[in-house]
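Here chain A shows up in two complexes: once beside chain B, once beside chain C.
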Partner chain A sequence: MPEIMYREALNQALAEEMERDANVFLIGEEVGKYQGAFKVSQGLLQRFGSARVVDAPISELGFTGLGIGAAMVGLRPVVEMMTFNFAILAMDQILNGAAKIRHMSGGQLRVPIVIRGPEGTGGRLSSQHSQVFDSIYSNFPGIKVVAPATPKDAKGLLKTAIRDDNPVIVFEAERLYAVKGEVPEGELLIPIGKAEVKREGKDVSLITWSRMYYYVEQAAAELEKEGIHPEILDLRSLRPLDEEAILATARKTNRVVIVEEGWPHVGMGAQIADLLQHKAFDYLDAPVLRVSGLDVNMSYAANLENLIQPTLARIVGAVKKVLYLEEK
Partner chain B sequence: MASALKKETLLQMYRSMVLIRRFEERAAQQYGLGKIAGFCHLYIGQEAVAVGATEAIRPDDYVITAYRDHGQALARGADPGMVMAELFGRSTGYSKGKGGSMHLFDIEHHFYGGFAIVGAQIPLGTGLSFASRYRNEDRITVCLFGDAAANQGAFHESLNMASKWKLPIVYICENNRYGMGTDIARVSAEAEIAKRACAYAMRGEQVDGMDVLKVYEAVKECAEHARSGRGPVLLEAQTYRYRGHSMADPATYREKSEVESERKNDPIPRLRDYILRVKAASEPELDAIDAQIKKIVDEAVKFADASPEPSEDELWHDTIVEPGEPDVRPRERVLGEKVQWPSYPSGKELKVTWEIEPSGKTEKKVG
Partner chain C sequence: MATAIQMPALSPTMTEGKITKWLKKEGDKIAAGDAIAEVETDKSNLEVEAYDDGYLLKVLIKEGDTAPVGAPIAYFGEKGEKVSLEAPAPAAAAPEPRPPAGPPPSEVKRAPAPPVTAAPPPPTEVKRAPAPPVAKVGPEPGGQVVPLRRAEVAEGDGRLRASPLAKKMAHDQGLDLSGLQGSGPQGRIIKRDIEAAISQGATARKAAPIAMPQLLLERRSPETLPLSSMRRVIAQRLTEVKPGVPHFYLTVDIEMAEALKIRDEANALETKVSVNDIVVKAAAIALRRVPKVNVSLQGDRMVQYYTADVGIAVAIDEGLITPVIRDADVKGLSALAAEARDLAARARKRSLRHEEYTGGSITVSNLGMFGIDWFVAVINPPQAAIVAVGAVTERPVVRDGQVVARQMMSATLSGDHRIIDGALGAQYLRELKALLEHPMRLLF
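And then the complex of A and B:
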C-alpha cells in the first residue's frame, strides 16, 4: 500500500471527486494560483480551470455564503478555510444558514456543501491562530462534523463528505498535513459516523480523534512497556457520534480516558463522558477522565505552547489513575 | 413607455398588488387575534417593488429575499392559503409550519426564501447566480434586501465578488428608509445606496419604488443587462412601509405627517388610476378583481384556520437529509397537485466551460 502525506490524501480526494462530478467545485483563499496555503489543492487549477478552483477574495462570510447559495440549487461546493480561525467570520452563514435551510424550507431544499480546513494548534502562532472548534460546530443539529487523523481517513471521509447531501464540516489539522500513512489505491469511501478501533487492548480505552490520535499512540507505546494494554478508539466523526463504538470499548475495558486538544469547558469530551455515565454506568470501574488542552488561551512561547496542549505525561498519568496505579 | 404594456400585464400587476395588500391586512388582523405569533413583518406600502420585479423577470429566474417575505412569495405565485397556513404555524404551510412568517420558501416557483439575519441572503443570492453562470444557463437572480442590509459586510463582500466575476444578478435594495426604528440616514455615511455601486465597478440606479410601472421598466432593463453577461446591477427602489417594522412595532420614531404624506404615494391607487386613465380596464372590471381577491384572502384564512398543527413526529424530519430522501414539494404534499420541480444536469452531463480567469488553465511553461 502506498504511503502518502495527509495533504496528498486530501488532494487525491478532491481531484477524484471533481473528476467524477462536474458539480463539485473548490472555492477559498489561495486555492488556485498559489496552489493552496497548505498545498492541499496543488495542481487542481491547472487540471480543472478557474471556475472550478476559485480564488476568492478574503471574504470568508461572502464566499461561504456564495457556496451555500450554489449548493441550494444543486452544485456541490467545497469551501476551503485557510484555517477555521477565519471561519468565525463565516459562522452566520454556516450555523444560521447551511445548518437550517432544510429545516426552514420544510424539506424543500438541501445544502450539499463541504467546509474544510485546518484547526488546532498552529505551531508558535499564539491565540488567534491556535484553537479547536469541535464542540462549537458539533453542538448544532443540521450539520455533520468529521475530524480525521490519518491520511487514509482524511481521503475516505472527504470523499464521503462531498457526496453527502448535508453540510459537512471537515476538520483537518495544520500539523497533520505532512504526516504520512498508508492509503489504499482505488475507490475509498469511509462512512461518516463510524469510529475505528486503531489499537486493540483490554485494560483501558483511550478515546480520541484528529491530531491527538498520535499523542495517544505514543502514550500507548509507553504504557505497553509497563504491561498495560490500552485500546485506542479514534472517533473520526464528531457528529453524528458513533455511540455504539464508544459504549463497546467501555464495556470491554471498563475504564475510559478521553484525550482531546480543545478546551475542557463544554468540550467534546464532556459529551462523551455524559454518554458513558448514562449508558455504560454499570460497566465502569473508575470515573471517566478527560485529558484536554488547558483552560487558557494559547501562548506563543514554546514552553507554554507545549504545556497547554495535552502532554504524554498527562495522558499516561490519567491512564494510571483510572487503573488505580497512582498513589496520589 | 408604460403605455406599451399589455392590458393583461397591467391587470396582473394590479391583481398581485391588491392580493398582497389584502393578505397583509388580514395577517395583521389575525395577528391581533393571536392566530399568528412571533415576528411578522408586513409588506404594506412596498408592493410595487415585489410585483414590478416579478413581472419583469422570467418565471424560472431565482428570487431570494429577507424576512419581509410574504409579498415576494405571493407575487411569485405561491398559494395564498398555504402562505397563510405557514404564518399560522400549521402543517399545510409551505414549510409545514416550521419556518413561519420569516422563512417562506416556494422552490416550485424558484423563490429561495425568507432569511432572518439582516443581509445574510445577499451572499446566498450571489451563490444562486454563481450556479447559473457555472452551468452556463441564461437564468438570472433577483436578490432583495432592505436599506439597513447595505451596511452589513455581507453586502460589500457579495457585490465585490459578483462584479469581479460578472455574475448574472440584480441586487434590489428596498430602501424603505428605516432599519427597524433607525432612519438609514442617521447611521449611514452615504444613505443613497445606489451610489455605493461605483465602489464595485458596477451599474447602480435608483427607481421610484412606489410606482410599479417604473419598477417594472427598471428591473426589466437590469435583468437584460445581467442576463446578457454584462454583470450585476444594484437597483435601489425608494419605497416606504406604512406599518411598523414588525407587528410588535408601533413606529413612534416617525412623524404622523411623514406617513400621511407617503400615503398619497400609495402604489395601488396609483396603478388603478393609471389603468383607468389609459382605459386598459373599467372601474367595474377592477372592482371585480378587488372582490375576487377579497374572496381568495378570506379562503386563505379559512384554509389556514381549519388546518392542523404539524404532527409531533415532524420534529424529527428536515434537519438532516437521510440517504435517498426526496425533497418535499409543498403543493404536491398539501394539495395533491403535480408540480414542476427544478432539475439540473448531473455531474456527468454537465460541462463547465466558464473560466473566471481565462489564463488560469494555462500550464506553467517548462524550461
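And then the complex of A and C:
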C-alpha cells in the first residue's frame, strides 16, 4: 500500500469523486489557480476545469450560501474553508441554512454539501487562528461532523461525506496535512459514525480523534513501558457518535480518559463522559477523566502554546489517575 | 515480603478485639481462608481468616490480650522470613517517599489508630489487610509494581465508597461490600479489591442463610414521621423527670390454660414449642393490632414500623443478648420455635451475626424458668417497649365468686413514655392477654 500524505489522501478523494460524479464541484478561496492554500486541491483545476474548481472571492458567507443553493438543486458542492476560523463568517449559512433546510422544507429539499478545511491549534497562529470548533458544529442537529486523524481515514471519510445526502463538516487538522500514512489506492469508503480501535489494550481506554490521536499514541507507548496497556479508540466521527464503540471499550477496560484538543467547557469530551456515566455506569471502576486544551485563548508564545495544548505528561498523568496509580 | 495481619472489624460497633485463642502457631503454614485466631468482640466470638497463602511468622498479640481494630496482630509471609518490627516489610516495598506525616490517612477515621507501642507500619499501609500492599498493573510477571496513591484524606462521613463496577460485581457475586476494604482513593473499593476478595474465597465466607420458612409477604419498610408538637412536649417533660428513656410499667395477669394446651398438642406432635414461643407470637400479633406501639424514637423523629420483629432476651454467661425473630406474627409456631432455639443456641456460643441481634421493635424477656413470678424489664433502645414475662404457676383466682386454682402468668410492659402513653400500653396488653387466653385468635 503506498504511503502518502494526509493532504494527498484528501486530494485523491476529491479527484476520485469528481471523476465519478459530474455533479461534484469544489469552491473556495485559492482552490484553483493557487492550487489550494494547503495544496489539497493541487492539480484539480487543470484536470476538471474552472467550472468545477471555482476560485471564490473572500466572502465565506457568500460562497457557502452559493454552495447550499447548488446542493438544493441537485449538485454536490465541496466548499473549502481556507481555515475553519474563517467559517465563523459563514455560520449563518451553515447552521441556520444547511442544517435546517431539509427540516424546514418538510423533506422536500436536501442539502448534500461538504464543508471542509483545516482547523485546530498550534503553529504559533495565536488565538484567532488557533482553535477548535468540534463541539460547536457537533451541537447542531441536521449536520454530520467528521474529524479524521490518518490519511486513510481522511480519504475514506471525505469520499463518504461527498456521497452523503446531508451537510457534512469535514475537519482536517492543519498540523496533519504533511503526516504520511498508508492509503489504499482507488475506492475507499469509511462509514460516517463508525469509530475505530486504533490500538488494542485492556487497562484503560483512551478516547480521542483528529490530531490528538498522535499524542495519545505517544502516551500509550510511554505507558506500555510501565506495563500499562491502553486501548485507543479513534472516534473519527463526532456526529453521529459511535456510541456502541465507546461503550464497548469502556466495558472492556472499565476506565476511560478522553483526550481532546479543544476547550474543556462544554467540549465534546463532556458529551462522551455523559454517555459513559449514563450507559456504562456499572462498568466504570473510576471517574471518567478528560484531558483537553486549557480554558484560555491560545497564546502566541511558543512555550505557553505548548502548555495550553494537551501535553504528554497530562495524558499519562490522567491515565495513572484513573488506574489509581501514584501521580508523577 | 512479610505482611501484617490486622485486627479485623467483625461488627460495626467493634473497636477492639481480644485474641481468645491462636489457632495457628508461629511457623505454621497457612492457606487462604484458614482460621488463624479466635477473637472475642463486644458481641460475639469470631474467627480471623487468612487472606493469602503463606506462613505465620510472628504473633504480636498474645492469647488473652486485646488489640484495637486495624492494629497488626501478627505477621505472615514466606517461610523462614525475618520480621523486623522496627521497619515492617510493607514500607520497604515503597520506592517513592511516603507522604509526610500530617493529616491522618483516610482509614483512621473508620477505625481507631493502632497502638503506639506496636511500632505501626506506615499509616498508608496499616489497615488494608484484604488488599495486597502494592498493586500490580496487568497480570504479566515482571509488570511494574507501583505504590498506591494514598494521599487523599476521607471526609470521614462513614460512607462506603465503591466504584459502580465494584458494586455491580459485588452484587453479582453476592458479596457484602461492607466486609471489604478498598484500595482506591479514600478507601474506594474498586475492581481489583473485588477480584482479590473473590480469589480469596470471600464468596465462601458468605453467611449461610438460617433455615426459616420462605415468607411470601413483602416486608414493608419503616417510615420516619415527625413528632407532633404535643408529643415533643411530652417527650421533653418526661425526660426532665426521668432522664434517658422514661419508663412506665403496666402489669396484667393472664390465664394460660388454653396456651398450655397448644404447647401440649405441639409436644404430642413431637414439635417442641415453649410457652415463650407462644408469647412471642402473641406479642408480635398484638404489635400488628396495636401498631402505635410498633415505634421507635430516633432523635426528634418517630419511626413507625410495619413489621413485627420481636427480640428474645437470651441469658448467656457474660450477660445477655437479644436476637430478633423477624415477622414473628406470620411465622408458624414450629418454625418460630425452631428459629428461637437456633438463635438462643448460637447466642450462647456467641456466634450470632450482627444483623441477627439488631432491629426489632419490642423484646420479650422471660424469667419464668428461674421461678420468677413477676418483674419489670429495662427497655432495649431504640426499641420502645419490652414485655417481662414470669413463670406460669397455679394461683388462686376468683371466678364467679369462687376462689379457684388457675394456671396464671404475669406480664409487665415497660414502655418508653416519650412516645407511648399508659392507655396505649394498656391497649397492647389487653390484646396480648386476649390472644394468650384465647389462642385460637392467633389464627385470625
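Following the convention adopted for this analysis, the second predicted complex is superposed on the first by the 325 of 328 C-alpha atoms of A that agree within 3 Å, B and C clash if a C-alpha of one lies under 4 Å from a C-alpha of the other, contacts with A are read in each partner's own complex, and residues count from 1 in each chain.
By definition in this document, contacts are C-beta pairs under 8 Å (C-beta built on N, C-alpha and C of every residue); 3 or more make two chains touch, one makes a residue touch a chain.
Just so it is clear, the structure is predicted and the values come from calculations on it, not from any experiment.
After superposition onto chain A, the partners chain B and chain C occupy separate space and fit alongside each other. With both structures placed on the common chain, the touch criterion links A:Asp282 to chain C but leaves chain B unconnected. Looking at the shared chain after the overlay, A:Asp203 reaches chain C, while chain B stays out of its contact range.
In the superposition on chain A, A:Leu325 makes contact with chain C only, not with chain B. By the touch criterion stated above, A:Glu30 is placed in contact with neither chain B nor chain C.
In the superposed model, A:Leu45 lies in contact with chain B only, and not with chain C. Between chain B and chain C, more residues of chain A are touched by B. Contact with chain B, but none with chain C, is seen for A:Gly106 once the two complexes are overlaid on the shared chain. Closest contact between chain B and chain C, by C-alpha atoms in the overlaid model: 33 Å. Shared contact residues of chain A with chain B and chain C: none. Every residue of chain A that touches chain B in the complex is listed here, in rising order: 20-25, 32-33, 45-46, 49-57, 59, 61-76, 92-93, 96-97, 101-110, 141-142, 144, 165-166.
Residues 96, 135, 137-138, 140, 142-144, 146-149, 163-168, 183-185, 190-191 of chain C are the ones touching chain A in the complex. Put simply, chain B touches chain A in their complex at residues 62, 64, 93-99, 103, 105-107, 112-115, 117, 120, 122-132, 134, 153-154, 156-158, 160-161, 164, 317-321, 323, 325, 327-330, 342, 344, 346-348, 350-352, 354-358, 360-361, 363-364. Residues of chain A that touch chain C in their complex: 202-203, 226-229, 254, 281-286, 323-327.
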